[in-house]
Amino acid sequence: MRRRKWIVAATGITAALALAAAGALAADDVIKIGACQPITGRFAFAGVSINAGLQDYINYANENGLVKGKKLVYIYEDTGYDTDKAVATFKKIMAKDNPVIMYGDSTGLGKAIAPELNSRYKVLYGSTSFSSELADPKIHPYSFVSGPTYSDQFGILLEYIAKNHKGKGNPKVAFFYSDTEFGKDPIPYARKRAKELGIDVVSEIVTKVGAVDVTTEALALKKTQPDFCIFQGYVLAPIPQVIRTVRDYGLKTTFMGTFWSMDKSIIDKLGADAEGYMGVSPYAYYNEDAPGIQSMRKYNEKANPKEKSRPNSYIQGWFTGMVYVEAINKVLAAKKPVTGDNLKDAIGMIRDWDTGGVTGKVTFVNNKAAVGRVYRANVVKGIFEPVSDWIYVK
Amino acid sequence: MEDFLQMVASGVVIGGIYALIAMGFVVIYKATGVINFATGELMMLGAFFCFTGMTAAKFPFVAALLAAAMGAAALGALVERVVLRPLMGKATISVIMVTIGLSSIFKGAAQLVWSGDYRAFPPIFPRAPVRLGSVVLPSLQFYPFLIALASCALIALLFRFTRTGTAMRATADDPLAAFSMGIDIRRVFSLSWSLAAVTAALSGVVIGTMGGISPQLGAIGLKVFPVVILGGLDSIGGALLGGFLMGILENLAGGYLDPLVGGGIKEVAPFLVLVAILMVRPYGLFGTREIERL
Amino acid sequence: MRIGDYKETYAADEAIFRTPAVRVWMGALGATMLVFPFVAGDYLLYLANLIGVMIIGALGLNILTGFTGQISLGHAVFVGVGSYAAAIGATRLGLPFYLCIPLGGAAACVAGTVIGVPSLRVKGLYLAIATLSAQVILEWVFSNWDSVTGGIRGINVPPATLSGVSLNTDFRVYFLIYAVTAAFTYFARNLFRTRVGRAFIAIRDRDISAELMGINLFRYKILSFMVSSFYAGVAGAVWVYFAKVVTPEYFPLSLSIQFLAIVIVGGLGSIQGTILGAIFMTLVPELLKAGTEAVKPFFPDAMSYLFPLRDILFGALIVGFLIFEPHGLAEMWQRVKRYFALWPFRS
């Protein structure tokens, strides 16, 4: 009986030591990436895909040994797109797993967590947000935007309009945006840039997201007869109603959108009214033939054969994963430890990075990479086709 | 002037839809004294029922609409039996909170079954807009408006001319007297909830065709409060008139005031009107003045 | 086991903590609360702070709804008014936190008076609907009155400083939050020993009789609404020092409903119940999350159902408590205590 006890104890101690040793070894070879994802709630349609994109890229990176000698581990939790829950989830993941990289679900989380991120947590922080606020290295040194901010996106559209406007006089543009942070974020910059480019902003229309009756708004457009109307702050509603009603009034305005309203699904939802719908996208689409997109498709054929197509939110997640890995590799190449501070500095060192056509050549300035392309809807094929080259905003 | 007419016309159209939503609300308040905060979510479920009927079961629109109405009626009766019957006679706050709890359950359930994705009905109505003189009414506003108007008329007729409707009105007036006259109060309550659910489902379908369906559709249910306060909490005619007035008012406010305030006033204007009405004429246009008898 | 009720002085009869046993338990509670931040992890500390703020807000709502019988659906925006007032006080006027917190309370109190005066004149559900309007209107004001509220971007607030020490971690803010919570709980408990508190209860129970006895209904209803708004404002102000940022998105209708749920699940008209309710309603989503994580090996998709399940659970709790346990957690707690007090005799 006594001997049995000793054997059990000895086995237990050996096992514990082995685990500890393995843990110590593993800790060195493992880089943890935590994420607060909006898998349910208002942003769920995108959250699920973003999560899939980020998770898939991390698996892809592990499979192909893109980070030498290290394994990437992905830990995610749902936030329901609620800022309070998101902050709580962020703190929980930091406390439990202590990752060096985090991904956030919203602009709100980025802003709320900023004080503690800068003073205590100090991890590299990417997110779903393209808000210009987060691209301020003074207030948010650890955050970066996975591409152009909304302001940059507006800038790209405005440049395209200025360059391609036919007809007499200045081009007339209307801004149609929602009364949320998402909607209002780029507007001050957009007004300024329009003036610089000689574009007349003939009206600014603000509505609630998901407004049902858009008569008065459409009337305002009818009164001012803009050549172009740029949507900001909506994903779907009320874009279809606005376009339909405005066409019913006989206007020939060209409608444009920014990233979240440029997923290919909007072409299906708009039907025939999608004719002429344009917008800016920071990334290439899943159906294109750039080498980076092809590897994405090849990975999905193997890992997720049921998914025939992936939305642009998936590519946002995938691309953010690419940025993470690029930063990690830069830090490792400089023979420095993988910490949040070194990673954030590494972001600033990314110059003219070739992403295999997933986006243009990436250079991070002020924590953002202001590059995108203008696309137009092809209603027959149901996809977006590029009408410009990669445009870089200064 | 042309713009003004356009705004009024669109206001009437959207007002018809508000009137339908308000009618469902007033039916319950009149019959049972309950303020139903789950109106919005019942609308949302009705829209989803119809959507599923059209996409999964491949019914044509009218059949799907009827199926949705029947489903909603069953749901309303179930809710009344399981949740509201035990609370009969309890404090008002309890009943209000129960409807709020129900709205939460419905929203969560809808998200589980149909996911949070935003969906659009398959094309139902002809694409071309309807023109009345200089006024242009988009097809997705005009035809749903016809449905809403027809439903309102149907319900008003039901209340006025059928035996069930009379029973409901009697129960609303004085439950004890109605009971002593041989009316089965419990059945009337059940029927009221079913009717309200059907009305909500119809308005949900109408809103869904106009702006798409998602579990967040219920948020528009809040707009019912300014309408019923304007019209009177327990007046069906008030709900009708209030709906139209509120629709027109909203549009005029949006058209003339939005440029001044920077937008978004269409959401707030009905509630500002509500506060104003509470201050001058709290019982609304046709509501009965409550006289407390000891 | 407590038998009989024997008091020798008026002071003893009116005391809040009546028996030595209660005083001992209160002392133990105080000691636990003091020790808690030293032993709790980051996440628990964060939750505890959140619960503290919710307790203050819910107490205010309970005073209005549980003790005076008036229904408010706009509690969240009064919390918001308090938050913005405190934030403006801290950033634009440079006031220290011990001035900003009462400032927040006072601002919410004024807002409450403005809403309350027209709607409390009429009996019935009009206050509920008026507060619902206040919710919509004030939310719009928060988002659009850019010059004062910072619009969509909101206001960033520096952490509170107490004689040079900056309260910038959850650990330090914990003491601030719970100092305020303890003070306001004590005040609420005390309120119902006074004439004013008894007037509130009289209005809830039978307002006609109260009026006959000489209680001015309108005056006391407004007073109740003002006190409730003050609590909401203070909750908002304290929360600002916890979250360090105010944006309009923090005060939606669902927050008002959450407060109502806390008050109902905890027990209308019971201070103890409010505290239990706040803890319960904040921890239940956490338990649900732990549950879905535990179930993950069998149902890998469980995570994505978390939030709809949470909504359903929330609604089910409200409906369940209202049907089966209308007096809330407080009543359940009393039953447990009675069982042990009367053991081995059946209760």
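Every chain is named by a letter (A, B and C) in the order it is written, and numbering of its residues begins at 1.
Going forward, a residue touches a chain if its C-beta (ideal position, glycine included) is under 8 Å from a C-beta of that chain, and two chains touch if they have at least 3 such contacts.
This one's a predicted model, so the numbers in the text were calculated from it and none came from an experiment.
> Mind naming the chain pair that shares the most C-beta pairs in contact?
Contact tally peaks for the chain pair B-C.
> Which chain is most remote from subunit B in terms of Cα centres?
When every chain centre is compared against subunit B, the largest gap points to A.
> Between subunit A and subunit B, tell me the centre distance in angstrom, where each centre is the average of that chain's C-alpha atoms.
Taking the average C-alpha coordinate of subunit A and of subunit B, the gap between them is 38 Å.
> Measuring from the mean C-alpha position of subunit A to the mean C-alpha position of subunit C, what distance in angstrom results?
37
> How many angstrom lie between the CA centroids of subunit B and subunit C, rounded to a whole number?
Centres of subunit B and subunit C (C-alpha means) sit 33 Å apart.
> For subunit C, give me the residues that contact two or more of the other chains.
Within subunit C, residues 143-144, 305, 307-308, 310 contact more than one other chain.
> Could you pull out the residues of subunit B that touch at least 2 other chains?
Where subunit B meets two or more other chains at a single residue, that happens at 111, 262-264, 267.
> If you look at subunit A, which of its residues touch at least two other chains?
Each of 40-41, 44, 179 in subunit A touches at least two other chains.
> For the complex, which residues does subunit C have touching subunit B?
65, 69, 71, 118-119, 121-126, 128-130, 132-134, 136-137, 140, 143-144, 208, 253, 257, 260-261, 264, 268, 305, 307-319, 322-323, 326
> Which part of subunit B faces subunit A closely enough to touch in the complex?
3, 6-7, 10-11, 14, 111, 115-118, 120, 123, 127, 129, 136, 138-141, 207, 210-212, 214, 216, 219-220, 250-251, 254-255, 258-259, 262-264, 266-267
> Which subunit A residues qualify as touching subunit B in the complex?
Touching subunit B: residues 40-42, 44-45, 179, 204-208, 210-213, 215-217, 219-220, 223, 235-238, 240-241, 244-245, 248-249, 269, 271-272 of subunit A.
> For subunit A, which residues count as touching subunit C in their complex?
39-41, 44, 48, 77-78, 80, 83-85, 87-88, 91-92, 94-95, 108, 111-112, 115, 119-120, 133, 179-181, 183-185
> Where on subunit C does subunit A make contact in their complex?
Within the complex, subunit C touches subunit A at residues 41-43, 46-47, 50, 143-144, 151-154, 156, 159, 168-169, 243-245, 247, 249-250, 285, 303-308, 310.
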